[in-house]
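The chains carry the letters A, B, C, D and E, assigned in the order they are written, with residues numbered from 1 in each.
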Amino acid sequence: MDYLENIESLAYFSPEILLVVFAAAVIILDLVVKNRESEKVAYLALVGLGCSLVAIIITHSALGTNESKNLFWGMIRLDGFAVFFKILLLLATAATILFSIRSEELDVRLKGEYYALLLAVTFGMFLMASATNLLMIFIALETVSLTSYILAGFLTHSPRSSEAAFKYITYGAVASGTMLFGLSLIFGMVGTGDLTTIGQQLPVVLASGEVTALGVLIAITFILAGIGYKIASVPFHMWSPDVYEGAPIPITAFLSVASKAAGFALFLRFFFSGFGNSEVMQSIDLGLLLAIVSALTMTIGNLAALPQQNVKRLLAYSSIAHGGYLLMGAVLLTNGDAAIVNKGIGAIIFYLIVYFFMNLGAFYVVVLIANEAGTEMIEGYRGLSSRAPLVAGAMAIFLFSLTGIPFLAGFFGKWVLFTAVIEGNLYWLAFVGLLNSVVSLYYYARIVKAMYLESAEDTESFSFSKGTFALLTVFVVPTLLIGLLNIFYSLSEKITLQ
Amino acid sequence: MEFTLKTFIFYGFALITIASALAVVTVRNIVHAAFALMVTLFGVAGLYVFLQADFLAATQVIVYVGGILVLILFGVMMTSGRLEMRIHIERGQLLLGGGISLALLMLLLTVIANTPKWENLTDDGTAFEPTTKRIGELILNEKFLLPFEVASVLLLVALIGAALISRKEVRD
Amino acid sequence: MVIPLISIILLCPLAAFVIFALLGLAKRSFPRQDLLSTAAMLAALVCSFLLLREVVPDPKPHTVNWISVGDFTFSMGFYLDSVTVIMLIVVTLVSSLVHIFSIGYMHGDPRYPRFFAYLSLFSFSMLFLVVSDNLLGIYIGWELVGLCSYLLIGFWFEKDSAANACKKAFLTTRVGDVGMFIGMMMLFAKFKTLSLYDGTENGIFTLVEGLSGTGDIIWLSIAGILIFCGAIGKSAQVPLHTWLPDAMEGPTPVSALIHAATMVAAGVYLTARMFPILTDTSSLVIAYIGGITALVAATIAIVRFDIKRVLAYSTVSQLGYMMLAIGAGSYVAGLFHLTTHAFFKALLFLGSGSVIHAFHAMHAHHDEDHTDGEAHEHDDHSLVHEHGSEIPPDQDMRNMGGLRRKMPWTFGTMLVATLSISGVPFLFSGFWSKDAILGGVLGHAMVSHSPHYYILFGMALIAAGITAFYMFRLIFMTFFGEPRNQEMHDMAHESPWVMVVPLLVLAVLSIPIVNPIWFNKDYVKPPPQSHIHAPAHAQLGPDTKTGDANSGFAFFWISEAQAAEEEGGKNTEKADDAYRIHKLAHNIAMVLSICVAGLGILLSWLFYHRRRFSAESVATKFSPVYNLFWNKYYFDEFYDGVLVALTVWKSRLFAQFDGAIVDGTVNGVGTVTRQIFAAFIGFFDNRVVDGIVNRVAEVTWAAGGRIRRIQTGAIQTYLFVVLGGIVLIILIFRAL
Amino acid sequence: MSLQHYLVISAILFTLGIFAVLTRKNAISILMGIELILNSCNLNFAAFSRFVVPPENVDGLIIPNIDGQVIAIFGIVLAAAEAAVFLAIILAIYREFGSIRPDEVDTLKG
Amino acid sequence: MLLSLMIFVPLLGMIVVLLLPRESEELIKRVTLAFTLIPLILAVYLYITHNQPDLEHLWKQNVPWIATFNIQYHVGIDGLSAILILLTALLGPICVLASWRNIEKGIKAYMALFLLLETGMLGFFAALDLFLFFVFFELTLLPMYFLIGVWGGPRREYAAIKFFLYTLFGSVLMLVAIIAVYLNSNVINGIAAEARTFDIPTLIERAATEGHALANGTFQMWVFLGFFIGFAVKVPIFPFHTWLPDAHVEAPTAISVILAGVLLKMGTYGLVRINMDMLPEGMAFFTNGAGFWGNSLALLGFINIVYGSFCALAQTDFKKLVAYSSIGHMGFVILGLAAGNEVGVTGAILQMFNHGVISAMLFLLVGVLYDRAHHREINGFGGLGNRMPIYTGITTLAFMASLGLPGLSGFIGEAFSLLGAYERFPTLAILSTIGIVVGAAYFLWTLQRVFLGTLNPKYEALPEINRREILTLVPLGILTIVLGIWPHFAIEMFSESVVELTTKIMGTLQANL
């Protein structure tokens, strides 16, 4: 296996380096800016993200399409897949920062560290998206997790925030511990931490009977606990409603989009590279396992979302459900046909693009309403159509898109996913998924109902700044248009793992 | 396997480790549990020595016993304002937890026993060179450089975060 | 000339209606709708007479493609033979007279223009039905006349009884229509066409000829009977006759036009039209239904006191006669009776209308005195309650009596009609047509040696006697004796000339000598196709058999000859034989019918004029029979009690089903799912979810709620789920 | 002193950690359980590294493959960082709720 | 080009309406009316020119859209879709007129949504790409949800979400079927030979090719089921019908009109376009007359007829009655389609159009009454015939048309459906005639309870129907009469398509026997 050595790798690693540098700069600026003009700090962080984005693009173009480089002795890999996720994560972070600027919930005094932490977590996620070594995977995961714990518990005066952090870390620590144990078992089976080597060796040792299917199953299940908790799949999802509810709204948005996306990036790469061999998958029936997990995830997410009164919590369950949909694409990794595997990956990528816009958009509205109405409960949305018609309209678009109503992006996302799943002959799974989208309509529509069909006691209309609407437009327009343009489909099709 | 002093000591360490770990999870007094944990950590360090992982053993003692355990004791002290450290365990929870743990143990033991690759790999007494230098090379020059740097970022984040969260007291 | 003439006949009345409707939409109304409609009708009448000359021996259809998709085509067109023309004349004539009569009768009604518009629409529909050359067209006209009947019966819809009656009429006839429609479906499925005769090989009549002799004609019998179902409904045959008496809630001219002369006769017309497809079986069914109807209705008529109801039952009874004739193969006799009956029954109704108007005008005057010209209400009369049925006082014969001096013209004309319907010999048209039927039935019985037809003949004969009895009862109660209600009697007066003239015209038409139509023997010809139960087509023209001296009436002899042909087929010798038998039968029937009619009139005279016997005492003596008659054989009660209740119950059942079962099933599935789900989660304490609707949502909600319950908020529960999940996954997939 | 000995010890430690995490009614005890789990993982890595992977010959010196050892070292580092944050959060919880019983920290649920 | 113009003109109108200030209500209404009139004018032009081959290119368009899935923006017209487009375009302005006065709040949003709805409906009928077809199918849901939910009656929220959920549930199965068709669209004899496609004409062609995966009987059967359930919810076919009465009762008048007039037709149109045309083998399986499955489609038609009719009989809410009557009448469509022969299918398609017109009238009429009396309880009226003679007259016309009075358009569809069905399913056809009687019963009973009898003193001052309302009803009334007298005006549009379709169906049936 050819890989670049440390020094050679540095150039390709510049986006990550820039993130860390800017994180440090943010902290320093935070100390310098005496009068707590925290927005400056936020803008510096945004500049950092921008630089990193430029770096990503430069490194990518230096790399050339369909090329990949193994950096740092094979610790991480830079390829189109990683680049895509990096850009997605970067944008999610940028959005989160913009949300945070507008959120009145966050403690202004502590914002400097906050933005640094956001940059740091993005850094960790970058690594998650590109890690190809067990150790790297674990460290990246831990970086993201630890930072997320802190961010979730960031609200100074809120017991809910502390509780969220506490649950998050307890859960996360156990899950990552379990995962580490699973990783150690894998390490014991093949004697190396390199994913590609694992992918080559594991079938051999399994075929020769040196290790048993049970061992592999236990290892994978343990590992699944760690990754599954990141993407909030059943039964590792239980932290997420509580944490989402307790965490500051921008962080919730960030967790539900970026953290999930990074989790999926890791998931895909790990299973594709490490267990990409269908013999291994079949020996432990991984396909069925993932399919069941996927079906349960979306079902439980959707059902539990039904009675929720807190919009944030509702969206938390909804994002569990969406994780379930995404997992359907991941199930296709176990398919023997490489074309279908790539379809599955492409579907996940496309869905993530769509999900990025609609879910972040929805959370942004939640931020806005929390600012103005001071509540996260559905009651607070009553009569929104007359109090803030544009915001209500945008929210309706996001929610219906999340449901998967045609011509909105969410539908096309589901379309791509279900097509891939059915192509993999998993009719039942597609059916479960589709039934779930029907169920999901019910709770999304409850918010719409509150906004449009009910009237508020207080009819005073909300006023928002132009910037707010501009940011909202950034989410609305893609939600309306992504599905209608071919470019995103071809993009998602091009991004594959090797 | 012949029964030598080495093996005797090994079994001793193993026993101490397991027994103390058992104490960690069973004793009612949290401070006692913390000390039992210390013994466990020492025990594990001893096992590392048996694995000829000298640097690792040292790290274990320094970081764990010297760092983490102290941290835990601090935590115990700072949260025991009411000195109410009695730990009540509900019976059902105990049973269910025991069941799950036992099931996991059984599964793991089955795997350990049934994996041919892991069988018959005994310590033949070969003495290796000390690992410290090699570890240094690996971490600072070779393939573990990146994890090392990332870990430093991680530690920085943890530092800031821990400070942030525990600083909350200082409200105005 | 045929097409323009028919077009004028159809379009004139239609135009009268359309003008009314369009103006109505514009919230205006034509000031003299009555004159417009009447003029339109008269124009149609004139054209009908002109058409008489156009009828050629071999009728040609005039069709256009109405609908055509791929292989199949539905044509619409006119089929003009002698029967059609006769029907056209009858319809236009009676309709014109009724129009004129109504100008007087309906004067002052608030919806006066609308009445005429409806009459026009009706006339159009009826004429359309008559000229149509295919079953679909007939069906269209058929339903349209039903609609008009509905509108006209319910013309005074403020009266609940009228509102009920119109609905009942429509629904009852629609039951029959559905039968007819099914029959049409059967014919269509077999023949791929609904045209009766389109001049090519594709008409039903031509095709049915090809079927003869194949033996497999059970379906054709069924189809025939089903088509006849339409006639049962429309022509008020047992068991669907109950709507017709109720239909008397409509204005009397309507009763005369629709429920005596034309629409109800449409059933007879249809049956006669479909004569070529009738098999022996279906003929027998038709004959029986006709015979039973004739007898049953006549018996009910005996005990009525409402002058219009008596006439209504009489109509039912006479329609039964016609059906009987067709069933017995004498379809010409049936049509003959149709025409004679149209005139004298219209006359009777209009006469009764005149009487009612006489009393009614009094009320109108009263109303005008008190309410200053406001519309007279029809439901504020003091009602005579009797066995739960309500008879308006101005229609109750017990309020009448001795009117012959007050209303001489009305009396005279009605007497002519009564004599006619009773079958008083020679001078009156009814005698001839009734005799033709009786003779036809008896002849058929004698030729076919079928006991059925002997029975039917007996029934018809009895009915004839009863008819004479109750008709004279009506005359005696109304016009003879002393006035029973002096106040009403005082106010009664002869009707204005617009009402009397139509009466006179009809009276003249009921005396056959002066009725010119019947002298032209060419006009009623057997259908150009053979008959399914007489496969060989007799080529004998009717005139070869009509050498008899007393053949003043073409109808009569044609009927006889026709019957002979059918029975005898091509075999001339046999035909002669049959002819002889028929002649004998006619003579027997004539004698018997004269006797029976005389007996009926005598009894009536004894009961109601001489008062030799008391009707009441007879009624008490034979109270079960009387009650049976009085309660109209309990048909209404049966329908109300059983059928309607059943329907309503069924619809309620469906409604409940909708609520309980359909949603419930969905719920059931949901419950099962929930049970499994609950079992999986570990909660078994299922509440029984109440409510019926919206169960799916409830169940999913409940499932959501259950999931919430594991989300206890305690972190260790979550950890249990995680680690338990891991163990479970491993165990499950280890077992696989 | 075969590999399986270490593995069994490690497995026991792991399960004990799990047991602690599941049943202890004190947040700090849970942290201790987590430390046990992490220790078992590190022990695993070290053991596998010693036995499964053939020793390396670096510049003529026979040293065991130390990939696993290095991973274990990182494990220790991560454990330390995690413990620090965990304890900070426990302190915050203690402040807000006045208790560190995990089942009393349950305002977010449903 | 013209077709695309027609589809997207309302969408443009929506944008224009959204840009108008909220206060200028009259302007909004006029603009909306203008933008619904344009499709109508185009539709009339289509009607005039539909049999001129040299103008055909005006009525189709095919441009690539999402190349990755070979999805095209492909719209086109044949007789069947043309007639339904005509119906949609006709009902558009009528509904705008019907909403003129009785939409009190948010007229701007209402009109915008209505225009969006119209785009969805027109697009659905014109779509010749399966994906596009589905997108338009679903596109109607959103505006409908809001139109019922915001401007509906007291239980509007429930009704709106029920409508939404039911339809979405159905479309889920349809989506699976669509994907299955797409994935199999390139497989001949087990080998992927061509590019996959959503193009409906191509799919129809391939489904008729020997050895093509799409032509496989079992495959078609399953796919048929998927599509069928999707459409069945829309039609609605028992037992998926329970959303309909609720939606109708709660929806504002104009929306009920659209719902009954066009949306239900989307289901049956789909059945014809996809289930019959594309999946003849599946169709044959469910209508071959053998056993339970062979009779199932006709049986559903029969159940719909009888069930809908009896349910209508039990109603006391005027609107609910009309809603249930719709269920009954759509049963005739199903029955006629199940027959699969020329007569039956012609009848079914005619019935689709005619029911669209007649039920639109009925709902408009109910709306007129409701606007005046503010309730719809049938028993609460009485004797209105005297008070509102014109209204009564029009209602009688509509009722008579709906109960299948010959001479009015409702009859022909019903009669032909039954005639066609009798050939294939005699027993069911005969039993279905019960629906005719019951249909007459409930309409007449209603007529009696509302218009006949003595005038309820409460309504002595009830104003007569006004000019605007008459204007909405007259075109429909004229159509009812004209098509009753001369149905050829409608039939000539689609007779060719029907012949083609039925030849295929009957051919498949015969091949299967």
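To be clear about the criterion, a residue touches a chain if its C-beta (ideal position, glycine included) is under 8 Å from a C-beta of that chain, and two chains touch if they have at least 3 such contacts.
Since the structure is predicted, the reported quantities are computational estimates derived from the model, not experimental observations.
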{"item": "Shared chain contacts [subunit A and subunit C, defined touch]", "value": "B, D, E"}
{"item": "Labels of chains that are neighbours to subunit A and to subunit B", "value": "C, D"}
{"item": "Number of hops, subunit A to subunit D, where each hop joins two touching chains", "value": "1"}
{"item": "By number of C-beta contact pairs, the top two chains", "value": "B-D"}
{"item": "Centroid comparison with subunit D (C-alpha atoms), farthest chain", "value": "C"}
{"item": "Chain of greatest Cα-centre distance to subunit A", "value": "C"}
{"item": "Innermost chain by mean C-alpha position", "value": "E"}
{"item": "Centre distance in Å when subunit D and subunit E are each reduced to the mean of their C-alpha atoms", "value": "66"}
{"item": "Between subunit E and subunit A, distance of the C-alpha-averaged centres to the nearest whole Å", "value": "43"}
{"item": "Centre-of-Cα separation between subunit E and subunit B, whole angstrom", "value": "71"}
{"item": "Where subunit B and subunit C are represented by their mean Cα positions, the distance between them in whole Å", "value": "101"}
{"item": "Multi-partner residues of subunit A (each touching 2 or more other chains)", "value": "135, 139, 142, 146, 149-150, 153, 162, 165-167, 170, 174, 178, 185, 188, 214, 218, 241-242, 307, 442"}
{"item": "Junction residues of subunit D - those touching two or more other chains", "value": "7, 14, 17-18, 21-23, 27, 31, 47, 49, 52, 70, 74, 78, 81-82, 85, 89-90, 92, 95, 102, 105-110"}
{"item": "Where subunit C touches two or more other chains, by residue", "value": "697, 708, 711, 713, 715-716, 719-720, 723-724, 726, 730"}
{"item": "Complete list of chain pairs which touch one another", "value": "A-B, A-C, A-D, A-E, B-C, B-D, C-D, C-E"}
{"item": "Residue ranges of subunit E touching subunit C (in the complex, touch as defined)", "value": "158, 162, 165, 238-239, 242, 307, 310-315, 342-343, 346, 383, 385-386, 389-390, 393, 396, 400, 405-407, 411-412, 415-416, 418-419, 422-423, 426, 429-430, 433-434, 436-438, 440-441, 444-445, 447-448, 451-455, 464, 470, 474, 486-488, 491, 495, 498-499, 502-503"}
{"item": "Contacting residues of subunit B [partner subunit A, same complex]", "value": "107-108, 110-111, 114-118, 141-147, 150-151, 153-154, 156-158, 160-162, 164-165, 168, 171"}
{"item": "Residues on subunit D engaged by subunit A in the complex (per definition of touch)", "value": "7, 14, 17-18, 21, 27, 30-31, 34, 37-38, 40-41, 44-45, 47-49, 52-53, 65, 67-68, 70-71, 74-75, 78, 81-82, 85-86, 89-90, 92-93, 95-97, 102, 105-110"}
{"item": "Residue ranges of subunit C in contact with subunit E within the complex", "value": "21, 24-25, 27, 65-72, 114, 125, 136, 139-144, 147, 150-151, 154, 157-160, 162-164, 166-167, 170-171, 174-175, 177-178, 181-182, 184-186, 188-189, 379, 647-648, 650-655, 658, 662-663, 665-666, 693-694, 697"}
{"item": "Footprint of subunit C on subunit D - complex, ascending", "value": "18, 21-23, 102-103, 105-110"}
